[in-house]
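Next up: some structures, all given as structure tokens.
Next come two complexes built around subunit A: one with subunit B, the other with subunit C.
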Partner chain A sequence: MKLKCAAACVLAMLILVAAVIVAAPGASYANQDRESLLAPASTRHPAGTDALGRDRLVRVSAALLLSLAGSVAASAVTTAAAAGVGALAAFGPATVGWTAMLLCDVFLALPWLFLLMMVRSALPLTTSPANSAAITFLVLAALGWPACARAVYRGALSLKTTEWMLYARAGGLRGGQIVRSVIPNLVPLLLPQFLISIPAFVMAEANLGALGLGVGEPLPSWGGMLLELDNSAMLFDTRWVYFPVALLVIVLLLLEAVAGEA
Partner chain B sequence: MRRLTAVACVLALLVAACAKLCAAQAAPRMPGELAWTIGYDPKTFDPAKVDDQESELVRYLTAGVLLRFNRFTQKIDPQLAESWNLSPDGKTITFKLRPGLQFSDGSSLTAKDAAWSIRHVLLPATGAPVAEEFLSPAGVTVATPDARTVVVHLPQRVIGIGKVFDEIAIEPADRPSEGRLTSGPFVVADYRRSQYVRLRPNPHYARRDATGSVLPYARGIRLDILENTEQEIRLFERGEYDVMDSLPPDYFELLKKKAPASVRDLGPSLNTEQMWFNQSPQAPLPAWEKSWFQSRAFRVAVSQAIHRADLARIAYLGHATPAYTFISPANSAWYDSKINAPHTDVAAAKAALAGAGFHLSGGMLEDAAGHPVKFSILTNAGNAARLKMATLIQQDLAALGMQVTVVPLDFPALIERLMHTQDYEACLLGLENVDPDPNAMMNIWLSNSPNHQWNPSEKMPATSWEAQIDLAMNRQASSFNDTERKQAVDRVQQIVADEQPFIYLVYPNVLVAISPRLKGVQPAVLEPSLVWNIESLHLEGVR
Partner chain C sequence: MKPAVSVAAWLARTLAIVLLVITGSTLLVRCAPGYLSDAREMDARYADAARGELNAEAARSGSLPHLLFSEVGGWMRGDAGLSRQYGVPVFELIRPRLAVTGRLLLRALILAWSLALCAALLSSASRSPSLFWHTPAALLLAMPTAAMATLCLLTDHGGPVLVMALLLAARDFKFLHHALRRAWLDPHVLQARAQGIRMRRILVAHILPAAAQQLSALLSLSIVTALSALVPVEVIFNVPGLGQLAWNAAMNRDLPVLLAATMIMAIAVTFAGMASDRHSGWRNA
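Then we have the complex of A and B:
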């Protein structure tokens, strides 16, 4: 519990610091300082600049906020969808339950990377970077719910056979009333699912970005910045190129710590 | 116990990794042998069927040809032919072979072998890509009046016919050997798939140096098949390789820090990087966008807003040259320094847009009807330099109030949009030019060509300036006079500079590394840039 609190505090501090950096007057993740390419750390650019002269600290901070905001939103959508499908499958007629779980299996079997590539290619070309980020996380959410729904389904099934549930049904509670009683009892299951999904989505977005399929330029993303590591020649120019990956690992560890304790 | 097992597993993995690393090292070099890398296995050693870059290199190193296109002087040199002659109508070529020519097995090379080799590449059954360059290969006849004379008659004139014979290896008649029996400087000696191709010198090679010494000097060549640039650099530094060509700018800079004496920037290549707007009337774009892209003022303003010097300095780390036309300064015969092209001038760009009815509204550029100027630039995902250029252009055009989205797409998706659906607004890509003669670009400039990218396959030229380009390109293709051809190409360059259907950005420079131990190198911008004079190359002290 102590670890969870400490991790949550550090994470909150990181988010706060990132928000302050991004909101600071004059800070811009897109502005190119063409005379300071791959510059080392300085008072003007505390974490140096990237190959286009953009402030690395501002970009990493913006990527952190974007990634976390998108992942939390995607995780919320996923958890809500999983709660609905799982509860429906467990408490609905057997055919509905069977069909819902089949749907889950189909979704789990989908080659999600190719699906994402198809979706990215099908997007209107003038989709703004912000919209492309929103769509990326939405697609991730649409593909992320089945595993969670299976877990909810299992939990809801075990609730269905509990003694109080038998009494409730014997007492004449209707379907809607039963679900309303069940949802609060599923919260201990849904919360970890919600928390576990956040780092998974952060990683998924970073993976997509590293493949050039995520958030569009000039909006910063973890994946886009990790792409720099693909070029070993650049690693000799500046050690600050490791900064995004170092922060990503820290954030993932903190998120895992929070989710693990839950 | 569990910990011990884990340690054992890690050790086993390390040993396996080391074994793999050792296996990937270069094969031992023989004394006096030159070595460098090729990116993949040559698809064929049959010189008639060459269709890929690495097979072409092996053919270059092994094949004896009647005429050689000199990569340094960019002129035709006779090789197996002692002399050659083109008739005034351009349809009959007569070659006189050098006396006493032999193949690598010591057998005589006569006009019969040369005629057989030419007929062999012309046969449809051979499937030789070079046959297409004769325009009507079925109508070509080859005669051998005597043992040293070959007469080739063409049904129609072919521009730059001399260069075509640079691609026809002379093989023993009826005994094709896939590079193991040649009349060139080297012979294929050994090939191990995914490892290396080894060449040995042809002991009966006809050419001698100025002092009469036997050529080639090198005692062999080993071409290691290796795709990894980092590993190639490491092995080059250790002296395992003698040359590296086509270095990416960042790796060039890295090597420059480690071995400054070995790297060379040869200046602009023949290749161009350019962007263009989709002007096709069939494109599924709103009418107002089409009208922007078809507007000369709009295209010129975009061209004037782009800081090409920044593109060269940032995206290519200074190893590119700002481009304003499709002929690079490296193309000495065809480059025209007098072309008047729009240079960077943001104020002029704003004025030109204002003159065309565009205006700023809240920082955003709008056309006369109030449509905000927003468009996307496609480029291929995975090309870091192009992505950087597109992002720089995004900021340059923001200064005009244009909102640009950069969209990197995988290549198949990109080609689908360019060639089939035409569902795109602007595109940033490059063009690799292997032939300095602009006639090779006919398929890009003629308005009815499917590769006329900004408006493909026009039934009739859509604009008067496209009609003028058609006229000038056809004039250079049909003219017998080199000066007239040059004037026609200069005219096309000027029209393109005026109308900006392609907005040329940079010519990437040719970046190479040469071992200080390698002697006789005369770098050229044309491929194979470092080994074009392979006969004269040798390691220091070994000759």
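Then we have the complex of A and C:
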């Protein structure tokens, strides 16, 4: 518990610092300083600049905020969908339950990275960076719900046989009313699922971006910054290229600690 | 249920899932907003009339029934359609790469399971959970595959097998540790240890059989994880496998190739999951 609290505090501090850096007057992730391309750390650019002269610290901070916001939103969508499908499968007619679980099996059988690549590559050529970010996280959310829905289904099934549920049904509560009273009882199951999905989505976005199929430029993303590592000439010029990777690993460790995974 | 009926039901469910996966993937690709886009649309050398003709041709060949028919027909003929990028049957591209990917996956899985099982046996048998085992596992799990592969390449240490094995071992270790730890804490195992029965005997007679069901489920999970790591690893290490082909197809909008690669992966995952379920069912029976 202490570890979780400490991790949550450090994470909150990181987010705060990133927000301050991004909101600082004159700071922009797209601003180019043409006279200092690939510059090392200085007072003007505390973490140096990238190959286009953009401030690395501002870009990393913006990537942190974007990635976390997108992952939290995707995780919320995933958890809500899983709660709906799981509860419907458990409390609906047997055919609905069977169909929902078959659908879960189908989604679980789909290799998510290949599917993400497929959907991303089938986007229009003129997709804007903001849309590409939204679509990336939306697809992650659309593919993330089945495992969570299975867990919810099992939890809801065990709730279905509890004594208070039998009383509720005997008392004449309708299906919708029952589901409304079941959802709060599923929160202890849904909350960990929500928290576990966040680092998974951050990681997925980073891996997708590193393949050049994630969030479009000039929007900053972890994956986009991992691409910098491909440029070996840049690695000899400045060690600050490793900064985004190091921060990403720290953020993922913190997220996993908060989710109780570490 | 009789074993023959049970196996038939399992086979029917597996086939139904495979069919649904194929139909679902095709639908998903067709419904993607840019399916009909063509790189030539961006080329200023094409006149408006030529672009219009390209769009009309794409719409004709991209209608859903046509797409499903050509996809299923391609699979029935055994070539899985024609690659947009190379203009050759998709299976001609996939066949030599399947062996490369299969070898990589097999080596990585064997190494990962050996590492994870050894580490989990040692960590689960100790009296208190040790940071010595859990810290590296947590660190490896927090490292994106692409970053790990790039760093290995830059430092000239380790290859694709090692990167995939480390990633899988970290994930498997976590599950194996919990499964084995639970088995070590069973009252009859504690009793056996208190009586001074040799560790090797306890391990073979009690620990491993108790965890066997979870191990078979974990194997299918390992395959899914390995398939997810396959693309970045093959792309970064330049391994001519299925993952690299799929990435290349994604970058060049060669959807028939990407669709075929996805389906092969989906079929592999389905059979691995179903085989693991079947194995658990038989053990329970």
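Methods note: the second predicted complex is superposed on the first by the 257 of 262 C-alpha atoms of A that agree within 3 Å, B and C clash if a C-alpha of one lies under 4 Å from a C-alpha of the other, contacts with A are read in each partner's own complex, and residues count from 1 in each chain.
Going forward, contacts are C-beta pairs under 8 Å (C-beta built on N, C-alpha and C of every residue); 3 or more make two chains touch, one makes a residue touch a chain.
All values reported here derive from a predicted model rather than from experimental measurement.
Chemist: Sharing subunit A, do subunit B and subunit C clash or fit in the superposition?
Modeler: clash
Chemist: Kindly classify A:65 by the partners it touches after superposition: subunit B alone (first), subunit C alone (second), both, or neither?
Modeler: Neither partner.
Chemist: Touching A:51 in the superposition: subunit B (first), subunit C (second), both, neither?
Modeler: Only subunit B; A:51 stays clear of subunit C.
Chemist: Does the superposition put A:34 against subunit B (first), subunit C (second), both, or neither?
Modeler: first
Chemist: Going by the touch definition up top, name the partner, subunit B or subunit C, that contacts more of subunit A.
Modeler: C
Chemist: Quick one: is A:127 in contact with subunit B, with subunit C, with both, or with neither? Answer first, second, both or neither.
Modeler: After superposition on chain A, A:127 lies in contact with both partners, subunit B and subunit C.
Chemist: Is A:117 in contact with subunit B, with subunit C, with both, or with neither (first, second, both, neither)?
Modeler: both
Chemist: Using the touch definition from the top, say if A:241 reaches subunit B (first), subunit C (second), both or neither.
Modeler: In the superposition, A:241 contacts neither subunit B nor subunit C.
Chemist: Name the contact category of A:218: first (subunit B only), second (subunit C only), both, or neither.
Modeler: First partner only, subunit B.
Chemist: Run through 39-47, 129-137, 219-227 or 237-245 for subunit C and report the one that clashes with subunit B in the overlay.
Modeler: 39-47
Chemist: Is there a shared patch on subunit A that both subunit B and subunit C touch, and which residues make it up?
Modeler: Looking at subunit A, the two contact sets intersect at 117, 121, 125, 127, 211-213, 232.
Chemist: Which residues of subunit C touch subunit A in their complex?
Modeler: Touching subunit A from subunit C are residues 13, 16-18, 20-21, 24-25, 28-29, 32-35, 37, 39, 41-42, 134, 138-139, 141-147, 150-151, 154, 224, 227-228, 230-232, 235, 246-247, 249-251, 253, 255, 258-259, 261-262, 265-266, 269-270, 273.
Chemist: Sort out for me which residues of subunit A touch subunit B in the complex.
Modeler: Going through subunit A, the ones touching subunit B are 30, 32, 34, 37, 51-53, 117, 121, 125-129, 211-213, 216-218, 227, 231-234, 236.
Chemist: Which of the residues in subunit A end up touching subunit C in this complex?
Modeler: Interface residues on the subunit A side: 102, 105-106, 108-115, 117-125, 127, 199, 203, 206-207, 210-213, 222-223, 226, 229-230, 232, 235, 245, 248-249, 252-253, 256, 261-262.
Chemist: Mind listing the subunit B positions that touch subunit A in their complex?
Modeler: Listed in rising order, the residues are 230, 248, 250-251, 253-254, 257, 310, 313-314, 374-376, 378, 381-382, 384, 387-388, 390-392, 394-395, 405-410, 413, 423-425.
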